[in-house]
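In the two assemblies presented below, chain A is common to both, partnered first by chain B and then by chain C.
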Partner chain A sequence: MASFIQLLVSGLATGAIYALIAIGFTLLWQTSQTINFAQGEFVMLPAFFVLTAMNLGAPYWLAALIGIALAVVILGVLFKAIIVDPMIKHGVLPLVITTIALSLFLKESVKDFYSSQAQPFPALVAPRDLHFLGAVVSLQSVVVLAVAVASVIALHLLLNKTRLGRCMQATAQNPTVARILGIPVGRMVLYTFLINGVLVAIASLLISPIYLAKFTNGETLGMAAFIAAIIGGFNQVRGAILGGIILGVLDNLSAAYLSSSYRGAFPLLILIVVILFRPQGLLGRAEERAV
Partner chain B sequence: MLRTGFLVSLVAAGISLASTAHAQQKTVYMPAILELSGPGAVSGTNFRDGMLMAIDEINKAGGILGHKIETPVLDTQSDAGTSRAQLQKVLDNKPYVVFGPVYSGSVLVDMLMTQKAEIPEIVGGEAAAITQKNNPYVFRTSFGQQFSMPKIANYIRDSIKAKSVALIWVNNDFGKGGRDNFTKEMKDRGIKVVADISTESGQADFSADVVKIKGANADAVFVYLNEEESARFLKEAKKQGIKAPLIGETTLLGQKVIDLAGGAADGVQGHVGLTVDAPIKAVQDFAAKFKARYNYVCDHNGIKGYTAVYFAKYVTEKVGKFDSKAFAAKAHGLTITPKEEPGILMEAMWDKNGDIDRESFLGEVVNGKQKIVKILPMLSKK
Partner chain C sequence: MNRFGLLTVAVAAVAAIVLPFLLKPFGIYLISMWVVLTIAAIGLNLTLGYAGQVSMAQGAFVGIGAYAVALLTAAGWPFFPAFVIAGLLCFAIGWLLGYPALRVQHHYLAFVTLAFNTLVFLVLRNEEWLTNGTYGIAGTERPHLFGLSTDGARAFYFFCLGMLVLLAAATWWMLRSPWGRAFVALRENPIRALSLGLDTRRYTLMAFALGSTLGGLAGGLYAPLVQFIEPNSFSLNMSFNLLLMVIVGGSGRFFGPFVGALIAVLLPEWMRIAEGYYLIIYAMLVMILMVFCPTGVLGLVEKLFKPKKPPAAAAAPTLKAEATSR
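Take a look at the complex of A and B:
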């Protein structure tokens, strides 16, 4: 039982981070039909903003704020202005290919300008263990889970309880009607990119102490979040959350109770089953297409 | 007009002199294929930096037989397929000797090509299989697993006095080779392997693996992972409060792992084939030079890279010419002492398979530093 609790908490913490990243996938898809294959690298990069700021003498909290601010500007505003806006006119596929190129560019840039080696990254809290029903749970896992859940709740409140959020949802559901109703669609789309910038920066601060900051981190994270978004439903934020949690918990439990050798196969197995029997994802909405 | 003509002649003479000097600067092509990115980047960059330091030293002193060493470094991306493609590129330019790779999986692929081309390859891989294929062109500058695992097995039996052991290993050629040799040595000594856990290269989350290890309740845990995974494992092991001693072979006690794992590495024990903390003056001088040049502490792969170049230099000077086949023939059975070649750092002997024999160490991690507690003699001098 103690082991199960440990695995569950650890899996939930990892899954919550996957969920944060997966939400970014769904937000960008819903508002601008952007599938961002550089999303994993978007999570990798803020960690290096933070490390650079710390190397220049900034304390951790300030470096973290600088990291989030840079992520919002570079991975939000500039990404939309330089990559998405010019490419989306040509359709989804050219944009997808461009984001794949962007992911390579970001990865190689960090390798060349910072380091190819993994870097230790400070944790949000000092290492400490919590004892619960005989299980030893690290405070770090609990804090990761708490921050990720708080971020998701804040996003939920923003989207559902504020006028701004409802405008963003209207934009996502039908931009033409939203424009007729006087909603500044362009600005709403920009806001989703900014929110994605904040989410990836938070995910970066949470995952980097565990993964260590490394230029290749985006490969694993991007793939896990993409799978999570598909399992949960690519067009629903709550689907991305569910997909992330399922993936994180399943990874840990299958490695412990089934086979650690095949732990990488289980998420893919679920992905195949979901695509076969519920292609819109567990909580996703089926979309009809004219062609 | 006369003045213009004079100027043109002067420029022409300058260009001619420069080209002559360039033509006279003879070089020997000794490329390196290394893991500069991907999971093996720590190992590959350490090997590269040690190697380039030795090359600079040798070139400044006049090169090998009057030839400057020319060493382009190509990235394998820690992938055997890419490594093979990179090697093919350099083989087209007819190298004298090839350095690297470090990852055993890449070495096992590449060594077939260098053997066919009859080019000596000085590798950083430690998988036992590398030197068990009767390839006369492959040489190591670190212990193969068939030499290091008996030492670690004796340590577990005699110093830890363990009756059971849990084993966690990385599922690549390096890890599989280590796992097979380790389990054999445990069986020979009557020590039971109560958990045998494979992990993936690049794996980030070790919580499930540590839960399994805790459940196995072994007297000791043997950890055989690459650098970054070792650090992540140690953090998780500390988090979950594993009480059994954590034992490793070289990598687990490396300074990079210690730095990445933070305090989680304290208490780790094991056998160290190569270390900059060895109580040997030449090694410590090398470590200080390395730190001054690169601003980080070198791990065992840096020593592998550094000694690989001096090994190539010594053998070539003994042969007296740049002859790849003669190099391979001369290097087998050769012993090099620091007196004969200071760059070799410690006395080393290469056997008929290309395996190296030299002193090694038992160590532990104390307060974030590796501490050597015992020097083990060369196997051939026991």
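Take a look at the complex of A and C:
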């Protein structure tokens, strides 16, 4: 039981990070039909922004801010302006190819210009164990969970309680009507790219201390985010959250209790079952599209 | 096809025959790889380009075919029966993979096939009793043809080239048969196709099965060509690469996979002059190409050589545009 709680908490922590990545992924899909196959590399990259800033002498908090800012500019604004905007009118597939090429580009760039070795990455808190109901839970997992939950709540408030968020939802649901109602649709789409930049940067700060910062990190993370997004429902933020959590917990529990060599297979089997029997996802609705 | 197209194909054919006599062994290996991957890409082009069913699992079928041939020949089978079995096996599995396509479309289908690819990879890696796991299988025998051995690099290249011509001709013929028309109808407007009495269900499954068969046959040539197969060769990267070939070459165009495979196999090698940065430059070139011509290289060529057509027809390869261009 104690080890179960331990696995559950660390699973929730990983799942919360997956959820952050998956939310950004679904946001881009909803507002611009971009399936971003480089999303995993988007998470890998900000860690290296932070490390570079720290190598130049910045303290951790400043480096983290610089990392988030660079992620917003490069992975948000530039990604949209240089790659998505020229291609979006030609359908989904060329854009898919381009993001695959982009993921290769980012991976190889980090490998060649920074290092091919895994880099230690500073954690938010010093490693310490908490004792809870007889189980030993690492403080880091709890902090990761807290930061991820805070980010999701902030995003939820932004999307549902502000005028800006309502405009973004309208854009996602029906761009034509949104434009008729006077919403600057182009700017709203841009905002979702900026939000994605912030989300991947936060995810990067949370996950890099656990996995170490390495150029290949994006491969598993990107895949996890896709699966989470689809399991939960492509068209709902809370679907992406549910999907991420299911995936993180399941991954930890199945590796411990079922088979570790096939741990990668369980999420995929769930994915196939969900797609076949509930293609809109667990929480998604078939017709409606909401941010 | 117009005169310019015929001329290009003729020049390419002469080059394909003369080139192996001019190249060093590694060069021959590369063009053999081009031939093998072109076969797999033709299969994907059939599924994706003509029938419009997004598949990200073509690499898995290349893997299944490669393992089938490698295991059967290692068990003492001659090459050709093993090769046929590889094709049939992929036909059957491809048919089954088609069933999800009856329920879901577009990006969902992409993700189902992507998940299938990863599952195949995991099975290849973990079932060591069958596949030898990450140690892989080395030394698959090359076939004998009419008493002639194809052990030499050049001889095997010509064997592969012959297979490519054979399979490409069969595909060409099929695309001009009512089946091919049915596939395009499926891509353009499935509901209308259904209302005209087409059995869309059967054709969807058939599109997957035939495309997968070509993937499996390519795998059957891949194992004896590379002489060493391991699960990592058939991970998602292979499928992405094949998808890239089809899209970059020009999806839904018969010669698209030929051009795409040429780019995907040879361009990274040419870029090696840039040493460690060659993959970066390759990725950049692909992005630039896609941004400026999303219909692929052949789409660009078409645009350059047919300026008289209204741009709308050139931008989207619709059924109507294809019918008028014949």
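To be clear about the criterion, the second predicted complex is superposed on the first by the 286 of 291 C-alpha atoms of A that agree within 3 Å, B and C clash if a C-alpha of one lies under 4 Å from a C-alpha of the other, contacts with A are read in each partner's own complex, and residues count from 1 in each chain.
Just so it is clear, contacts are C-beta pairs under 8 Å (C-beta built on N, C-alpha and C of every residue); 3 or more make two chains touch, one makes a residue touch a chain.
Nothing here was measured: the structure is a model prediction, and the numbers come from that model.
Asks: When the two structures are superposed on chain A, do chain B and chain C clash or fit side by side?
Replies: These partners fit in the superposed model.
Asks: For A:211, decide between first (touching chain B), second (touching chain C), both and neither.
Replies: first
Asks: A:127 contacts which: chain B (first), chain C (second), both, neither?
Replies: first
Asks: Once chain A of both complexes is superposed, is A:91 in touch with chain B (first), chain C (second), both, or neither?
Replies: After superposition on chain A, A:91 lies in contact with chain C alone.
Asks: When the shared chain A is used to line up the two structures, what angle, as a multiple of 10 degrees, is there at the CA centre of chain A toward chain B and chain C?
Replies: 70
Asks: Determine, under the contact definition given at the top, whether A:261 touches first (chain B), second (chain C), both, or neither.
Replies: In the superposition, A:261 contacts both chain B and chain C.
Asks: Touching A:158 in the superposition: chain B (first), chain C (second), both, neither?
Replies: The answer is neither, since A:158 touches no partner chain.
Asks: Quick one: classify A:282 as touching chain B (first), chain C (second), both or neither.
Replies: So A:282 meets neither chain B nor chain C here.
Asks: Thinking of the overlay built on chain A, is A:149 touched by chain B (first), by chain C (second), by both, or by neither?
Replies: neither
Asks: Quick check: superposed on A, how many Å separate the nearest Cα atoms of chain B and chain C?
Replies: 5
Asks: Shared contact residues on chain A, chain B side and chain C side combined as an intersection?
Replies: 261, 264
Asks: Can you list the chain C residues touching chain A in their complex?
Replies: 54, 100, 103-104, 106-108, 110-112, 114-116, 118-119, 122, 125-126, 240, 243-244, 247-248, 251, 276-277, 279-280, 282-284, 286-287, 290-292, 294-295, 315
Asks: Per the contact definition, I'd like the list of chain A residues that touch chain C in the complex.
Replies: Residues 29, 35, 82-83, 86-87, 90-98, 100-102, 104-105, 108-109, 112, 223, 226-227, 230, 234, 261-262, 264-265, 268-269, 271-272, 275-276, 279 of chain A touch chain C in their complex.
Asks: Which of the residues in chain A end up touching chain B in this complex?
Replies: 3, 6-7, 10-11, 14, 111, 116-118, 120, 127, 129, 136, 138, 140, 210-212, 214-216, 220, 251-253, 255-256, 260-261, 263-264
Asks: Name, in rising order, each residue of chain B that touches chain A in their complex.
Replies: Residue positions touching the partner: 36-39, 41-42, 45, 171, 197-200, 202, 204-205, 207-209, 211-212, 214-215, 227-228, 231-232, 235, 238-241, 256, 259-260, 262-263.
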